[in-house]
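So the structure is just underneath, and the comments pick up after that.
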Amino acid sequence: MNILFFAALREQLGCAQCDIALPLPASLATVRAALIQHFPQQADLLTQGRALAAINQNLINDENAVINSGDEVAFFPPVTGG
Amino acid sequence: MNILFFAALREQLGCAQCDIALPLPASLATVRAALIQHFPQQADLLTQGRALAAINQNLINDENAVINSGDEVAFFPPVTGG
Amino acid sequence: MSAETNTGTEHYIAVQQADFDVAQEYAALRNNNRCDGAVVFFTGLVREMNQGSAVSGLTLEHYPGMTEKALQQIVGDACARWPINRVRLIHRVGTLEISDQIVFVGVSSSHREAAFDACYYIMDYLKNRAPFWKKEVTGQGERWVEALDKDKQALNKWQTCDD
Amino acid sequence: MSAETNTGTEHYIAVQQADFDVAQEYAALRNNNRCDGAVVFFTGLVREMNQGSAVSGLTLEHYPGMTEKALQQIVGDACARWPINRVRLIHRVGTLEISDQIVFVGVSSSHREAAFDACYYIMDYLKNRAPFWKKEVTGQGERWVEALDKDKQALNKWQTCDD
């Protein structure tokens, strides 16, 4: 599955997106854990609270939320607009 | 002493100001009572709450406030600007 | 019928018959202002419907002298309460038509909280403490606008423990 | 990098690099609007000092697509909660300098309470939910702005019993 990154997280991971092999559907928690395994040096930046998650462009607070094949998934730092 | 009136109260009393003979200093309550005696037909319009009072252009809520000779005194309805 | 008063270097208070230009007021809040990140402003307009009747216009009466004093007091109180940098407050008097501008309150501050709260506070106190009175022209003739309990109650949100 | 969306007849939401004109936005809230007696607007500007450092400019990154969706959601929620008639919301992205305009939120309503509350609500939620990120240029180099606890806590004022 493809995952998008933005802002500081994009810079810290060194990429705007990455592909992770993972059977879907999977929970947000599972995807986050796989992401941490994929970027072990940046594990702390990817924990819940430090990295927010969006599924299909909706902010998701529930780590049990289900990600299906074809969903657009993104991780990014807390927002600072306005 | 001279007393100024504004807005609806000015129209209802039929004058923008009036002169009332009253020994000063006097309390706001005393001045209000004298005013009611001067305009018996409009007594209800002049009661506390219906007619606000200002002394030297400051809104006064305390009926015990003292009015001295030379003070500018005004009565008017609750305000409706903005 | 026009009075302009400066209450400090950065505040502007005016009571006037003339209309005001919001773009010009906004520029005055923003120009050469490198420290403020937030501007909040309010404008009050003449509405067509008020207290159940169609209105075709209104006249604003005021108490010259006391009006300016009351507005200065309100702005001063807001400045004492919040870290705001510039305030501009203009209230019109005289004859106005539907959709005409009545009042402008603009506040700049480093942060949005102070700007929002101070602007709202100034309007709430103006509604209760500044000696202006509206007389509306309706299909049934002229009538003085009644003061509303909800405007009095609006002040409750600004009560603090030491009031 | 520009997206304009109408969420209903009277609302306007845009994410754009271009600057906006407050006078034009105010006119759009006010023109042919005989029922609204109150307009409240907020503008956010680039401040020279932020989080303890002198800033010479900033870059605003966003998540295209999600940004517009998040802003529509916030405006829709405000409209469901307060009787407001027109909302205009513009947020800039890209490179900005000191004193540049970042964001505009304008709300019109019959009465001031709804206009003030809805405008403030939209800004508070935008600060927490809309995917924008600021990167500042300071004397010590570039840095991403840190999200603040006070912005998160600002949402508490909008909590209701049935939330």
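Which chain is which? They are A, B, C and D, in the order written, and residues in each are numbered from 1.
The rule is simple: a contact is a pair of C-beta atoms (placed from the backbone, for glycine too) under 8 Å apart; a residue touches a chain by one contact, two chains touch by 3 or more.
Since the model is a prediction, treat every value here as computed from it, not as a measurement.
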Checklist outcome for this item: Top of the farthest list for chain D, CA-centroid basis, is B
Next on the checklist: For chain C versus chain D, what separation do you get between their C-alpha means, in angstrom?
Outcome noted: 23
Item to check | Mean-CA-position distance for chain C and chain A (Å) | outcome: 48
Checklist entry - If you average the CA atoms of chain A and of chain B, how far apart do the two points sit, in angstrom? => result 70
Next on the checklist: Among all residues of chain B, which ones touch two or more of the remaining chains?
Outcome noted: 82
Item to check | Residue numbers of chain D (touch at least two other chains) | outcome: 44, 112, 123
Next on the checklist: Judged by the touch rule stated earlier, which pairs of chains are there in contact?
Outcome noted: A-D, B-C, C-D
Checklist outcome for this item: Within their complex, chain D touches chain C through residues 22-23, 26, 30, 33-50, 98-99, 110, 112-113, 115-116, 119-120, 123, 154
Item to check | Sites on chain C touched by chain B in the complex | outcome: 44, 60-63, 65-66, 69-70, 91, 102-103, 123, 126-135, 144-147
Checklist entry - Okay, in this complex, where on chain A does chain D touch? => result 4, 6-8, 11, 54, 57-59, 74, 76-82
